[in-house]
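Paired with subunit B in one complex and with subunit C in the other, subunit A is shared by the two complexes that follow.
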Partner chain A sequence: MKNVKNKKTLWMILTGLIIGAIAVLLVANGNPKNMGFCIACFIRDIAGGVGMHQAAIVQYIRPEIIGLVLGALIMSVAGKEFKAQGGSSPVTRFVLGFFVMVGALMFLGCPLRMVLRIAGGDLNAVVGLVGFVVGILAGIFCLNQGFSLRRTYEQSPLEGGMISAINVALLVLVVAAPPVIYFSTEGPGSMRAPLILALVAGLVVGALCQKTRLCMVGGIRDAVLFKDFYLLWGFIAIIVAALIGNLITGNFTLGFAGQPVAHTDGVWNALGMVLVGFASVLLGGCPLRQLILAGSGNSDSAVTVLGLFVGAAFCHNFKLAASAEGPTPNGKIAVIVGLVVVAVIAFVNIQKQKKNS
Partner chain B sequence: MADNNVVDARGRSCPEPVILTKKALSKNGNKAQVLVDNQVAVDNITRFAENKGLKVSVTKGDGEFKLTIG
Partner chain C sequence: MTYIATFYTHFGALTFQREQKRQGLNAQMMPVPRALSASCGVCVRFAQEGEPQVEGATDLEGLYQEEKGGYRCVFQAE
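Presenting the complex of A and B:
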């Protein structure tokens, strides 16, 4: 048994190292700096790519996202772990996903990009990490009180595979590139690794994450809640590999000011990530994990991804998203509203557990 | 009574099954039976119990798993 455990931990570390390395590779091949992967940014780009928002600098159908979902689908089917299930408070999950995006676009990155930013020397992301941990602790408090979004039920295979079908459609769109979709010609959306490389990177990482269950939120959560460091190893390994990669490629710059696609407002960097951490614990995983679960047949996670998607469109349509210049007034209001909404969702769903429910 | 200490965590997403298991174990002298319906929960509960030095045996039913801990 000890051996099995060690072997799994070794796989987890290897997965983290590969993700970190691939992230650096993607940046070297065109992705924005410290953005080899960013689930929030890339879903936001896709929302722009299909015209859900008109922020011209962040529009592209990112093949990484498509790869992550389909990689998880392939691996879960191959490993006989694909399971069509859902029905656990889907609309609540949609709202939580929406506000995860609001928080992420205040900070300018999902938890995975936060880690990659730290590995690039961006100290604003360390401030974000502090907020992230605070948010996770708030979520853990609720879990210990009996928070639950209630049980899932078995669904039809079609329901479980629907989000993957949508991603196949997106793949067709990005390959065919009909004139009705939007691709940025400047800004972060125009900075992209070649399609095939991005897709394969997503597929590899998606498959590995499905197998190892890697999750940025889960790493800290399980360490605090169960003194279980399995997931945290992946988190650390990503930082190590990306840090080494950044040093080699000359993309490591230590400091607060002038970091790529980042701002220096510490309070709002932290508060944005409090919102991301809190809501993600209630959802059971970070945005990356939601994509992987969605690919593995979990339609609750698929709904969460749709919440992220719509949230991203709102963020740019209503000027909630921060930029390198800093947060917007609307964004600050949205983050506060988000914290209140998530807290209400948390407390309302605390169930006193008598027996089994 | 160890026999009665059955946790029904079917349909629950992680980490809930692990939290329910943790609570059941602390109440009943580190013995429990847990019903779950997905491999992630099986892995997580097994890892949790083994980290506590407890023995876990898994029996697989029709799309469900029964874990006996302690």
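Presenting the complex of A and C:
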């Protein structure tokens, strides 16, 4: 058993190293700095790409996201692990996904980008990490009190595959490029690696994440709850690989000010990630993990991804998203509202234990 | 014998583990072994002589007996 565990851990470290290296490769080929991957930013870009919001600098149907979902689909089908299931409080999950995006766009990145920002020397992301851990601890407290979104049920394969079909449709759209979709001509949305490279990168990372269960939230959750550091190794390996890659490519700058697609307001960087960490523990995984589970047939995760997508559109339509200039007043209100909503969801869903069950 | 009980929810695992401990049995919560599931749920690993009584456990998904180099499925929910 110990050998199996060591082998598993080696696979996880290798996966983290590959993801970190691919992230650096994507930046070297056109993606914004410290944004080889960012699930929140890229889903936001997709929302803009199909015209759900009109922030002209962040509109592009990102092939990385499509690749992640389809990579997980292919790997789960190949490994006979595709399992269509769902029905565990889907609307609540939608709302939690919505507020994960509100928190992520306050910080300007999902947990994966937080890790990549740290590897680029962005100390604001270290502040974000502190908030992220606090949010995870809040979520763990609720889990220990009996929090549950109730069980999943088996569903039809069509239901399990629907989010993958949507991603295939998005791929057709971005390849065909009809005039109804949007492509940023300036700003982060205009900075993009070649389509085929981004798609393959997503496919590889999606497949690896399905196999290893890599999860940014799960790493810290399992380390705290069970002293199990398996997932955390992936987290650390991404930082190591991206750090080395950034040093080689000259993209490492240590400091707070002037970091790419980031702001220096520490309080709101931390609070944004408190919201992301808290809601993600209640959901059972970070945004990356939600994409992977969605591709593997979990329609609850698919609904969460739709929550992220709609949340992103609202963030730009309602001016909730922060920018390099810092957070907006509306964004601050939305993060506070999000923390209250998530706390209420957590409290209301604490189940009482039956005796002798 | 060592068993692994998997659950649809974290709450189910927590309830089961606390009940096992209340009965004086050694039961530990941990992430579900990758060989049993691609999901990221938690399970309870516990030792018991003879076939364990798990009927009526909240949100129970499956029960597996640890064997040399793997697991043998003892029970799986419909």
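Following the convention adopted for this analysis, the second predicted complex is superposed on the first by the 354 of 357 C-alpha atoms of A that agree within 3 Å, B and C clash if a C-alpha of one lies under 4 Å from a C-alpha of the other, contacts with A are read in each partner's own complex, and residues count from 1 in each chain.
Assume contacts are C-beta pairs under 8 Å (C-beta built on N, C-alpha and C of every residue); 3 or more make two chains touch, one makes a residue touch a chain.
Remember, it's a predicted structure, so these values are computed and weren't measured experimentally.
Asker: For the overlaid complexes, name the partner, subunit B or subunit C, with more touching residues on subunit A.
Answerer: C
Asker: In the overlay, answer first, second, both or neither for which of subunit B and subunit C A:G49 touches.
Answerer: It touches nothing on subunit B or subunit C.
Asker: After the superposition on A, what does A:E81 contact: first (subunit B), second (subunit C), both or neither?
Answerer: Both partners, subunit B and subunit C.
Asker: Return first, second, both or neither, reflecting whether A:Q351 touches subunit B, subunit C, both chains, or no partner chain.
Answerer: second
Asker: Of the two partner chains, subunit B (first) and subunit C (second), which one does A:T152 touch, if any: first, second, both, or neither?
Answerer: both
Asker: Tell me the contact category for A:G103 with respect to subunit B and subunit C: first, second, both or neither.
Answerer: neither
Asker: Give one of first, second, both or neither to describe whether A:D300 is in contact with subunit B, with subunit C, with both, or with none.
Answerer: Only subunit B; A:D300 stays clear of subunit C.
Asker: What is the contact status of A:R289 with respect to subunit B (first) and subunit C (second): first, second, both, or neither?
Answerer: After superposition on chain A, A:R289 lies in contact with subunit C alone.
Asker: Regarding the shared-chain residue A:Q210, is it in contact with subunit B (first), subunit C (second), both, or neither?
Answerer: Second partner only, subunit C.
Asker: Hey, what residues of subunit A end up touching subunit B and subunit C alike?
Answerer: 81, 83, 88, 143-144, 148-152, 213, 218, 222, 225-226, 228, 230, 284, 353, 356
Asker: Which part of subunit A faces subunit B closely enough to touch in the complex?
Answerer: 1, 5, 81, 83, 85, 88, 143-144, 148-154, 213, 218, 221-222, 225-228, 230, 284, 300, 353, 356
Asker: Show which residues of subunit C lie in contact with subunit A when the two form their complex.
Answerer: 8-12, 14-16, 18-19, 29-31, 34, 38-42, 56-59
Asker: Could you list, by residue number, the parts of subunit B that touch subunit A in their complex?
Answerer: 6-8, 10-16, 18-20, 22-23, 38-40, 43, 47-48, 50-51, 63
Asker: With touch defined as at the start, can you tell me which subunit A residues reach subunit C in the complex?
Answerer: Residues 8, 76, 79, 81, 83, 88, 143-144, 146-152, 210, 212-213, 215, 218, 222, 225-226, 228, 230-231, 284-285, 289, 293, 296, 298, 351, 353-354, 356-357 of subunit A touch subunit C in their complex.
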